[in-house]
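Given below, in the form of structure tokens, are the structures.
Same chain, two partners: chain A is paired with chain B first, then with chain C.
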Partner chain A sequence: MPRNGKANGKTNGKGSGHWIGQRFKRKEDPRLIQGISHYADDLRLPGMLHCAFVRSPHAHAVIRSLDTASARSVPGVVAVILAQDLEGVGNVPCAGVLPDLKTPAHPPLARERVRYVGEPVAAVVAEDMYAARDAAELVQVEYDPLPAVVDMEKALAKDADLVHQEFKTNVAYVHPLKNGDIKGAFKRANRIVKERLVNQRLAPVSMEPRGVVAQYLPGERTLTVWSSTQIPHLLKTQISLMLGLPETSVRVVTPEVGGGFGSKLNVYGEEAVVPWLASKLGRPVKWIETRRENMQATIHGRDQIAYLELALKRDGTILGLRARIHADLGAYYQLLTPVIPTLTALLITGCYKIPAVDIEITGVLTNKMATDAYRGAGRPEATYVIERMVDLAARELKMDPVEIRRKNFPKPTEFPYNTSTGVIYDSANYQMSLKRALDLAGYTKLRARQKAGWKQGKYYGIGLSTYVEICGMGPSSAMPAGGWESATVRVEPTGKVTVLTGASPHGQGQETTFAQLVADRFGLRPEDVAVIHGDTAAVPYGIGTFGSRATAVGGTAVYYATEKIKSKMSAIAAHLMGIKPDGLVFGNGKIATKDKKKSVGFGEVVSAAYMARTLPPGMEPGLEATHFFEPSNFTYPFGAHVCSVEVDPETGETKIEKYVAVDDCGNVINPLLVDGQIHGGIVQGLAQALYEEVIYNEDGQLVTGSLMDYALPKAVHQPQFVLDRTVTPSPVNPMGVKGVGEAGTIGSCPAVVNAVCDALSPLGIKHIDMPLKPEKVWRAIQKAQTPPAAGKRSRAQSRARRTA
Partner chain B sequence: MIPAAFSYESPRTLKEALALLESNPNAKLLAGGHSLLPAMKLRLATPPALIDLGRIPDLNYIRDTGDHLAIGALTPHAAVASSELLHRMSPLLAEAADSIGDVQVRNRGTIGGSLAQAHPNADYPAAILALDAEIVTLSRTGEHVIPAREFFTGMFTTALSANEIITEVRVPKTTGAGAAYKKFAHPASGYAVVGVATVVRKHGNAIESAAIGITGVSGTPYRATAVENALRGKPASAIADASRRAADGIEAIGDTFASPGYRRHLAMVFTRRALETALARARAK
Partner chain C sequence: MKKNIAININGVEHRAQVEPRLLLVHFLREVAGFTGTHIGCETSLCGACTVLLDGRAVKSCTVLAVQADGRSVTTIEGLAQGNRLHAIQEGFWEEHGLQCGYCTPGMIMCAHDLLERSATPTEQEIRQALDGNLCRCTGYQHIVNSVQAAARKLGKRKATRAVAAD
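Right after this comes the complex of A and B.
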């Protein structure tokens, strides 16, 4: 639904200015759609070898023996390596630091013990991938299986089996966050609403799995690593540290990256092993992850169990929130594993004024793959629990879920708003987005239809989610490894512009939006601007793309670098025109005075900069500027989602009828791409609500190891989305942008669950944990409909009492 | 996702295929490959040889042979789903085919391959059973006709012997009867958690007969004879009660998506829904 302007920005006609805000089609897409671009697996280097990993079939076991003889005898096999061969290779790094954090050693290949299904124990290298795979099957590993620690709550028991003996506990850390008079809040409360809410474990499942190609040139002593990553520069540094190579010898390149959702905001053991093999063997080595490996050994997300208590006044005013959250970290840490759940604490008050909080997060080690950042990373968990709790409170107080929300929103005049969790919301108007969403959804009509439906045995439900989230990550003081971003803008001698960004887009479309931004500032066309990213040899050191930061932080760096060149070009233009450089405007390929009476061609100024004969005295030649932007705060996009569902009481199936999303991500560079991010985000949040769930059985075996079992959402599962926007610019950056990569995921999940629980409210059902699989919903309905036996209340009723 | 090594044969005639099967007793026949190849890529299946039936001409057809319709074993699901002939004279099979997997699967997967695979959650078996179809095979000893009710013998097992190739499926014309396939699809795999196919004949206001095939509930697809018996000669109002017997005497399978108890319940619900739809489509004699 085009809202402002037409796709491909032909609206202004003159090719000058005003590219920001245009629905411009992605420059990336033609090459991707035609299949003529290059992902890691498309790279074919002369003499390239292929690598396959041997992985643990056990969740927890001692490695008794390893025999590689028959694997080595497979024709075409070049090497089979074990942990002991990697002497001197560093452990897989974790950048997360917390007080008293217990950090297990995480070798790239398992030593002595394996601690999750899929943990690599050996690597095989062969002339082709068939030989590598065949040989991997022949590596004989004898295991002594140990009891697996699977259930994170049982793992907390005093006599629980241990994932890491040396810690004598499975508790990795306890992270408290307390503020305000929590005791007083609960003492003064008229009502206390309690619930246990589960954010199940999810698999990111990017369309392209991971992949690494490495080449070491012994003459030049340079190692080049092509990796499907979101953080090429950080990866370069970590590879040099893990392999003990000077950082100046390592180059990381991201080919096309087919999605990451946070799973490639990481440094994996394979990213050390494959380059190590390439340098030892003196030949390029390629490893492409299979989907099964992707399910087993790429990070998972979420996996939190929260015990919540909300203290309320009779009129719905929230006085305080207690949260005890258990977070399943898995067996080892990846880059950010332990700190992701702490983001949940920061955002747990949502868009409500909650003066007192008492939060405690317990990180738990289990025999599973590590959890880490997955689209939203700690924030969807927070939004889910607060949005569910607010709905439960509304039910308890017999209030409309709209009213309780309105009652607790900070007023627009209260921004920047300091939360009791210690963050500062930059700007918002929660009332505005909620009102817009309710109007678009026809809320009053939906409620009327719901009442009528209940009388006919139809279970219609309406779910709201009013969310805020933390984007634009972030100020460096709050980030584990720098929160700034870099950009270099270079006007080439022909007048074309090259932008080098430290951000590492992998589907977000910054090749397009940054080109729009720069074209807009220079008065050029987006096709005059090329955006280069993901090559550490070409791009100044940067941080990467995650946490909805690329535009708010990376884009701002581009903005400032562009401004630096503009002021230099203004000075040259003024010198050429013989006037003062103040207030010159860029547009239509010219640099002109405000009254347009005098102008000089953009190209003329560029020539002057490079010919360097007519420059103002003392000015450096060339037209290149670099800027490192350090944001003063995060940005806080927000919005309101409204979802209406019908639940089939016979099967427990949920059908989403209407989905309205009103999101506010500040100013928008390209509405087309923002809509795309919201669409995809909603789908992923809705999938957590209804379909997706990583299941390990009691032995720690991964039951959902393929896409035949793990239910990714499909097009046929989706409703038509009705999208709209409000625009509340961020004061944190000059463009007023906030970020939109994760908003849809964060906002949508609770809206769907709230809708289903609302639909079943006449049955006395208060809560069902995600995913709302049909059988689970059907069983809840069955229980609620079963007439209570004499002296025994139904589960739903007794739960209702308990919550009261 | 790299299969173990295997040899590959591409016979041009059925006779050649049979000879190859004879000399490679552990070989697998390859049709659309949509079940076999994924299993091989995960190394769950490691056949030493594949005999690809794809180059054998004239196994891809849908013909009216007078008293029934004949469908060649290599006919893809998409062709079955869109066959005008089937829609007019025996629409149940087309309706079932249309619900299989996704577009890619329907374009590649074949009726013969699906039946030989006998996946417990496949769609075709329910329809094949409800239609009392016949599976025509060829072996060195000649042509055999296996009635649908004798074909499925267990999970992934059939009455086919090792040296036998499915060549054709024959379905009766169901003109005048009402037919329907109702399916509860697994959100990940698209397979039938439960699938119920039925052919209902109407006499006046009464149900003359109902044939009901059910897939997904048990390891082996079955005819819901208890429901069929309870409906014979009964009015439409009997459907709700009769459908409660849809899983009578059946040992249901279960997984993390649907437990045995839930599957039995779904069998009842979808049997009722299929019967109601089929009855509404039937013409009274």
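Right after this comes the complex of A and C.
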């Protein structure tokens, strides 16, 4: 049954057991809908000071002088610090390692030179935020501007200006990936399709900007840092390294986190400066990023230019793929900057059998903010280029885009499937999700209407995207900083359960889904389970939430920790009943034999574990278990999206008429939350296709520095999405889950662009680069529009005429 | 030069001496301690700071605290009656109208304004009404469902009240 996304309202079922798969409403919501939760900016500590940063207005300049005198004279100002005050504070870390990678030093405050607009050069601390901001404006910095390196392709020229003099080049690395007989593939090809495709630069724009609050207690010698982050444990380690403090005296807490999308999967300079200030000044310090700072100095995403060549047989069989990809890295690296584009290489064959690949990725340094992980992180780029190329090939070969896709899918029996890029797709049935999506969209009817529309000068387009993605990050062997996750499950003496997870949800709802999971395994109710996360003093070391990993990796850790306790409880129960512990079942607050003839209360067993008088001989008291789960592989969710659009030739405006998404994320714990992830994901991909774009002008000035200039999707622009699912469990974990955080974004962007380009095909328009803003589309139409009788007729025009 | 002002927030008067440039959102959060009203841009573009000023939705980052002197403000904290959630809050909970929750108080206050004016808005009217409120997480579909659910609840409650009054 297709779902239109509506919940039935009766989300909380009765009884115990079988919580997995229910549209259970979230446990985190009551505090959020009443405004009584605490984000970083909501924290108030006695004596707390406020911090503001002074940032570079230049893309590239030498700092000639800095004068802080007038800033210091502002009433309420407590301190103004510059790079030289931070002697001994370490650089901003990057975890990405690649052969021959050139890694620039990245100090938390700029020394001597600034290299992007928004780079921090000084920090001001004052009694209140208004004073801090006033004083920041009074810090006088004299700059000698230098030429800015803005265009990543011009940056590759031999005589290009340099971002970092010491490297003598703007090339940070070249990453090749070659497999199969690529020469032979291109030799044997009947058709070679070539295109240059751009994935523009995007800004993540979580609605809550970043924020850091730090407090140092000299008596306890503990530094506590509250940060709006996706990775509290990794941040704790990095803060201790940057500040030279023993890791045992640093505690990181994530307050409520208002969205991240990868931008908070990071360690930022401010996360060193603010704690440093708090320890030096002996008072708590708070810094909350303004939206302008967020646009300038929080990581950006995407920004790749790909040159592609697809070798095909006449019947549409793909023989090989060549890709030369330039990736704009910005001026310095954040946590994963250089490695994100390498993920593009891994996924570039999409869900097609492409036996030969020749990929080369060039990381380029420019005078811009660093790019890094933004929802999808390297994979949307791959999906976009392969899905566009397959569509272009279909057009070239006069095939239906459905047909060419089916022709190149691996069969369901071919899984696990080894790609030529070196990854192993765990499980899939691409045929099934595509068929479901086409049926739901009414594909045949849409095509018929499109043809009829052409007669009336209407430009209808239908876009497909069949995607696979890499999720559940991931095996540690393939990750820069560990790919496992931790969980502790503790049954408390009253029978309530506490779950501590190393994942760090910030909107995904794992307080609910993990409670459903644990309640299901124990035969309790989700209300009996509390999930705690984001406090390094309470939770065993964990990795965090990103790469659609929280459920597939973190959830599996919870699953195994729960199993450990269940086997202990079974042993106790069997001992109490005087039977063998094999095959006991948990349910309805009891632990019983399979035939239900004998049972003992869940609470009774818990009491036995804590009173410790009736335990089996030699058994440890207590009911707590920790598990560190190391996945054997990534997981590979997949799906098919169908988008139908109408493009208005007068205005260039695209109207999405229908959007169908059939996603397969394996088994589902909470369908309501999965739908929410898909909706949000689709809109982020659709927004890349249609309106979002970070623009720097030729001087490296950020043109899109506010929400006025950066076009975020609004409610009015969005269609109703029709969602459905297929379920292909992953063999990588016992729950068969895959992950769903990024699927929507990865799947939607090419579907929309394919639809628009399809709509414009009668005009002979092959491709328009994203974002497909009305003006750009209008210009392309103007350029292409010649009356069908005059000028060169395109194939599609002829087709339109034939059908007319 | 500081100015004495008094603003009624959620039924209780809050007096303070403030700088004329202090934004209402900062008064609510920093002076009166109502941190449920969030800041997403400070430039009137995201709607996270939406509150009711004399019953109508305003972005509290575009209003100076001194302009609200003598007037009354309702923030997200003032919607529930004790333990009983407001119908719009229930709608958002049941229909999964939020993920990270940061935009949510503003969305709820904006929806409140809409449902006061129009008891049974169409989907398009809801989307239009939320035009000034950005959400980066939900893709808006569940938010629309939430507002529709709230409208149904409010309608039912009104009907029951009318029956009770008969």
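Before moving on, here are some points about what is shown:
Definition applied: the second predicted complex is superposed on the first by the 771 of 804 C-alpha atoms of A that agree within 3 Å, B and C clash if a C-alpha of one lies under 4 Å from a C-alpha of the other, contacts with A are read in each partner's own complex, and residues count from 1 in each chain.
Rule of thumb we're sticking to: contacts are C-beta pairs under 8 Å (C-beta built on N, C-alpha and C of every residue); 3 or more make two chains touch, one makes a residue touch a chain.
Because the structure is a prediction, the values reported are computed rather than measured.
Contacts of A:676 after superposition on the shared chain: chain C is touched, whereas chain B is not. Contact comparison for chain A: of chain B and chain C, C touches the greater number of residues. With both structures placed on the common chain, the touch criterion links A:130 to chain B and to chain C.
Touch criterion met: A:208 reaches chain C, while chain B stays clear of it. After overlaying the two complexes on the shared chain, residue contacts for A:291 are found with chain B and with chain C alike.
After overlaying the two complexes on the shared chain, residue contacts for A:508 are found with chain C alone; chain B is out of touch. Using the contact criterion defined above for the overlaid structures, shared-chain residue A:773 touches chain B, although it does not reach chain C. Of the two partner chains, chain B and chain C are each touched by A:708.
Applying the stated contact rule after C-alpha superposition, one finds that A:281 touches neither chain B nor chain C. When the two structures are aligned on the shared chain, A:722 is found in touch with neither chain B nor chain C.
Chain A residues 129-130, 290-291, 706-708, 712-714 lie at the interface with chain B in one structure and with chain C in the other. Across the complex, chain B is touched by residues 52, 129-130, 132-134, 137, 290-292, 650-651, 653, 690-691, 695, 703-704, 706-714, 717, 773-775, 778-779 of chain A. Considering their complex, residues 1-2, 4-5, 42-43, 102, 184, 186-189, 256-259, 262, 265-266, 269 of chain B touch chain A. Within the complex formed with chain C, the residues of chain A that make contact are 5-7, 9, 11, 25-26, 28-30, 32-39, 41-42, 128-130, 205-209, 256-259, 261, 288, 290-291, 506-509, 672-673, 675-677, 679-684, 706-708, 712-716, 718, 720-721, 744.
Those residues of chain C that touch chain A in the complex are listed here as 19, 21-22, 26, 29-30, 34-43, 45-46, 48, 75-77, 79-80, 85, 89, 92-96, 98-105, 108, 123-124, 126-128, 130-131, 133-145, 149.
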